[in-house]
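Consider the two complexes below, in which chain A is the common component and chain B and chain C are the respective partners.
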Partner chain A sequence: MTQLLLFNVTNGLIIGVFYVLMALGLSLILNLSNVINFAHGGFLVIGGYIAYSVTPYVGFWGALLIAPPLTALIGFIVERILIRPLYGRDPLYGLLLTFGLAFIIEDGTRFIWGAQGKPVTVPAVLARPLSSELFFITGYRLFMVVTTIIVVALLFAILRYSRLGIRIRAGTLDLETVAAMGVNIRALRSLNFAAGVFLAGLSGVLAAGQLGLEPTMGTGLLMPSFVAIIVGGVGSLTGTLIGGLLIGVASGVTAVFLPAASEAVIYVLMALILLLRPRGLLGEEGMMT
Partner chain B sequence: MSGRARNLVVLLTIWAVLVFAPYWMPFVGGYTALGARVLVLALAAMSVNFLLGFTGVLSFGHAAYFGLGAYGAGFALKFLAPSTPLSLICGMLLGGLAGALLGSLIVRRRGVYFAMVTIAFGQVLYYVAFQWSSLTGGDDGLRGFSRQPLDFGFGSIDILSNETAFYFFVLVCFAIVVAVMGYVLQSPFGRTMIAIRENERRARFLGIAIERHIWIAFTLSCFFMGFAGALYALVNNFADPRGLHYSQSGDFVMMAVMGGMRSFWGPLLGAAVFVVLQDYLSSLTVNWMSFVGLLFILVVLFFPRGLLGFIRRQEPA
Partner chain C sequence: MAAPIQSGWLDRRAILKGAAALGGFAVGSPAIISARAETPIRIGLVDPLTGVYATYAQNEVIGAKLAVTQINAKGGVLGRPIELLVEDSANDVGTGVQKARKLIERDEVTFLIGDVNSGIAQAIAQVSNEKHVLHIVSGGHTDTITGKDCKWNVYRVCNTTSMEANSICDVLFKQYGKKWHFITPDYAFGHTLQQAALADLTKLGGTMTGNELTPLGTSDFSAFLIKARAANPDVILVLVQGSDMVNSLKQIVQFGLNTQVHVAGLQQELESLEAMPPEARIGIWMFEWYWKQPGVPGVDQFVADIRKVNGGKVPTARHWFGYTSVHTLAGIANQEKTLDSLKLAKALGGFELPPEIKLQPNKCYYRAGDHQLMTSAFIGEAQAQGKDDPEDLFRVDKVIAGDTTAPPVDQTGCKAEWPA
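Up next is the complex of A and B:
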């Protein structure tokens, strides 16, 4: 029983790692651009498939380095052409546009790479379990968690200490004042959007090694990421981080006792939190970190 | 032409087009069943717009109440009694009550937060419908029921096999709900909704209970939505979880925006264009999803006021 529980908590944490990466990217974009990026799952898929395509040439490690920046570049271009005209308009339009974009990305991946799922092989070093007793903790899972910790730590450090990060945080609070102080907020939003998409691309590569690739996989991870943001509180990146881990573990634990409800439990959790703390765990409107 | 006379002409034209649809549609390549589908989806889009266009809050999870309405109608026909009106009432109640309950959790949020919470709650209902397969049939959907002839005591109308009769039945239902919707919007309550849309802060200063008004508007729109969903179950003799999915919500919002969300009849136009286009595209290419996605992007970038808004701007004021 203990091992079963441990097994599922670990599973929950692993899936929570995806939620965290996805939700942090979504959160970044939402906070600064006020756009709910429905295409975020699509960017995850793009990241995964790019990794799949370049792995034969550069190996898994090369793909891990190449795919996320390439995805971010695509995100950068998308922001320039499609998202930028929407700033200052009703959030409805950003929602609808990215919704349509998600359709196109899903259909496009199916067109280019086929509807069949694609397996992605990870290096043998990572594929082994750490020990026979804890068979479920493979090296790859550990590697995913460590990578995520490093990336998240880097992100928070950048936001906290670098000039760019300080501008992003300031922009979240009051974009107009930031613009008045001579910061190019168009460039700031572009970079910020690309950073968010970078995280989606990274989770795509990591997910490809763990779950394999399918054109529809992004949608499945998108909704829980929304929930992670709501649970953590809109506007707070720390909240998003906690929210992602929390719902991951919650669904892992529920899988032990009531497997059918493991998907639904995160929404129940969300409803509870909205009842008790309408702004989410760490949410303060207009505040960040 | 004065404004009033013009409105009358527009209204007469719309109803004439709808009433005579079974007779003119075959000539342009349509079929009666498509007409019924357009009406039902238009009703759903108008219900979304009741909230979006007239209260100014965006629910992106409204399909959930639509899908619940469909299940409500299905359950009533399958387990309660073989009665078409009863199934419509059950569907409307299921969708509306779920909306009333969840709405109380949702209405305190605004803007993007409101949209996100509505999506998430919509997905809960989707998962319930999807997972509870002993009751709902899961992914395969709920089957084994069909709409029943209307029995008036002195005679009955067969709406099951007679497509044209069924179309008129749907049209009558559509007319009733639209009349209620129009009545609410004309009422002081409807005016208050518009005041909230235009300037929430000022409305609050005037002493209007914003949250309560939004909750009532949300709940009403969920009742309309449940009714539309119930009708949809009758159109297909089938209910499935995809009716609750957020992509369905996206389609409804798109219909409203594409037609013109500031106008009462816009969503009808949007639904007609959307349904016909989707029907046509999916028969033409397997990549229809890309084209629908492209349509979303083009409408957002170039026709944000929708077709009606676009036409109105072309005319001299």
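Up next is the complex of A and C:
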């Protein structure tokens, strides 16, 4: 039983890392633009399908490099045309718009690529487990973890040390003052939105290697990402990181004792944390990191 | 304040409003698909066109549309054209019920077909029963639909979960071993399928090492697979369907579990095999219908007809379900020369499908006692690559007649109450 539990904790951390990647993109957009992006799962799907489409020409590694920036470009255009007019309005407008956009993306994907799932094969070198005992740690899953760690480290470094990152963080605290200091906040928001969507696109490519690629795949991955943000605390990227790992482990451990509740447990965890600490684990209004 | 600028009788806003209204009308209108006439006979089809079973549902619609075209080309039903109205249940019971009510009450359909999801099929059967509408469940498998919850007006085309289990469990037991571990979808279909398989396993003298109930739409199966592997079974039986089937088999193969224990299941579908990478197409399964049946009358023509309307792709069991459902309704109405649901429901008991509709070697008929179609089971093995055709992903080893796999009527629990 101890071994089973340890296996599931480890496995939960691996799953949690993926939630972190999704949730950080969501969190970036929410923190600066105040947009609850329900289309984030849709952008994940777009990333996956772009990867599927370009893989025959450039291979998996090429697709991994091409798909996320292309998805980010789509996100940039969407922000420019649809999201920007809603800034300054009630957040409900943005929520409703992205909610509708999620359906449009799902049906659009179905229209372009068909309702039937698409097979995505990962490179043979990644498609095997480390050992027969630790079968759930495959080369591909390790690759996902390492990729996420690198991307998260880069993101935190950019936010901490680059001018763009500092402006994003400052904008999260007081956007009006940032604007008064001459920063083009329109461009800042666009870039920030595109960065969030980039992470969704990257999640899509990585997910397509492990899951079945189909138009609805983003839906199931979106809600845990929202939960990760709420558990970690809205406004805190570090909190989002911890929240993602926590719900991954909670889900994995619950699967040992009560498999049918492995999905519900993350919402129970969210409710408990909201009861005990309504702002989330690291959430402080107006704080970013 | 400046007055608004008027730019002729049709300004940009008016065009946008018009376009939006037109778009809304197009989205809100029912999908009217086939022949139009003054008084068409309407058939309503409720299926999950979105969600995890979207592929299956859309293929059922394609099959149903083909049947509508064929029937109308031959004069329709009682000299009237038939018309198919399709509604999306969105894989949600509440939505399915709402759409079934809309089809019956507002669109006044004469017949109802659907749903792929067993839970929704059961729920809309309540509605069709309340409204006295002849209803064919095209693709929801849970036993109770033609078992303890059977209704005088409800017939079913696809197999029951018991028929599925009875058709294949002995093969799995002989070839793979006696300790089974189940990965089961946590809803009506999964529960009855697992119970039927467990009953067969127990009869055969085997044991269950565990049963992982997985929420519908699970994307990551690793936690369940860790538990299943720890239980040390001879075989992991994958009972989930749709995208869950694709995800679970893909992960099983990536984990290398298929090299440590056998992996198989009961029901498999071509849609799922096609959505998997070749290395994940493994195991012995049961298909409910398969497109490659050399020498069986009508099959080649059906394959050719579906290819024409399906982007060149071959038909799956789901195409056949939709096709057979519509042909059944039209066939019985033309035979009985009435649209009276009670008379037609009585006549359907024992109704045998003609060769060009049944498309399988065995006799195929609706059993009077429980309203279940006695349709065949195709037992065989998944193939990584098609030999002659890229879509030939299943090798059929044997085809078993439905009336040999279906439990006797008195064991189904069906006691339909007929109106006076």
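Here is the rule we use: the second predicted complex is superposed on the first by the 284 of 289 C-alpha atoms of A that agree within 3 Å, B and C clash if a C-alpha of one lies under 4 Å from a C-alpha of the other, contacts with A are read in each partner's own complex, and residues count from 1 in each chain.
Simple rule for what comes next: a contact is a pair of C-beta atoms (placed from the backbone, for glycine too) under 8 Å apart; a residue touches a chain by one contact, two chains touch by 3 or more.
As the structure is a prediction and not an experimental result, all values here were calculated from the model.
Of the two partner chains placed around the shared chain by superposition, neither chain B nor chain C is touched by A:F143. Of the two partner chains placed by superposition, chain B and chain C are both touched by A:E106. Contacts of A:V256 after superposition: chain C is touched, whereas chain B is not reached. Legend: residue contacts after superposition of the two complexes on their common chain; A:V234 is shown touching chain B, with no touch to chain C. Applying the stated contact rule after C-alpha superposition, one finds that A:F156 touches neither chain B nor chain C.
Of the two partner chains placed around the shared chain by superposition, chain B is the only one that A:L95 touches, whereas chain C remains out of contact. When the two complexes are overlaid on their common chain A, residue A:A271 makes contact with chain B while staying clear of chain C.
Of the two partner chains placed by superposition, A:Y87 touches none, neither chain B nor chain C.
Residues common to the contacts of chain A with chain B and with chain C across the two structures: 106-107, 260, 263-264.
Partner chain C is touched in their complex by these residues of chain A: 3-4, 7-8, 11-12, 14-15, 106-107, 110, 114-122, 127-129, 132, 135-136, 138, 140, 207, 210-217, 219-221, 251-252, 255-256, 259-260, 262-264.
Looking at the complex, you find that chain A touches chain B at residues 30, 34, 36, 38, 82, 85-86, 89-93, 95-97, 99-104, 106-108, 111, 223, 226-227, 229-230, 234, 260-261, 263-264, 267-268, 270-271, 274-275, 278.
Per the touch definition, chain B reaches chain A in the complex via residues 52, 58, 60, 105, 108-109, 111-113, 115-117, 119-121, 123-124, 127-128, 131, 246-247, 250, 253-254, 257, 287, 289-290, 292-297, 299-301, 304.
The touching residues of chain C, counted against chain A in their complex, run 49-52, 54-55, 58, 186, 212-215, 217-220, 222-227, 229-230, 243, 246-247, 250-251, 254-257, 259-260, 271-272, 274-280, 311.
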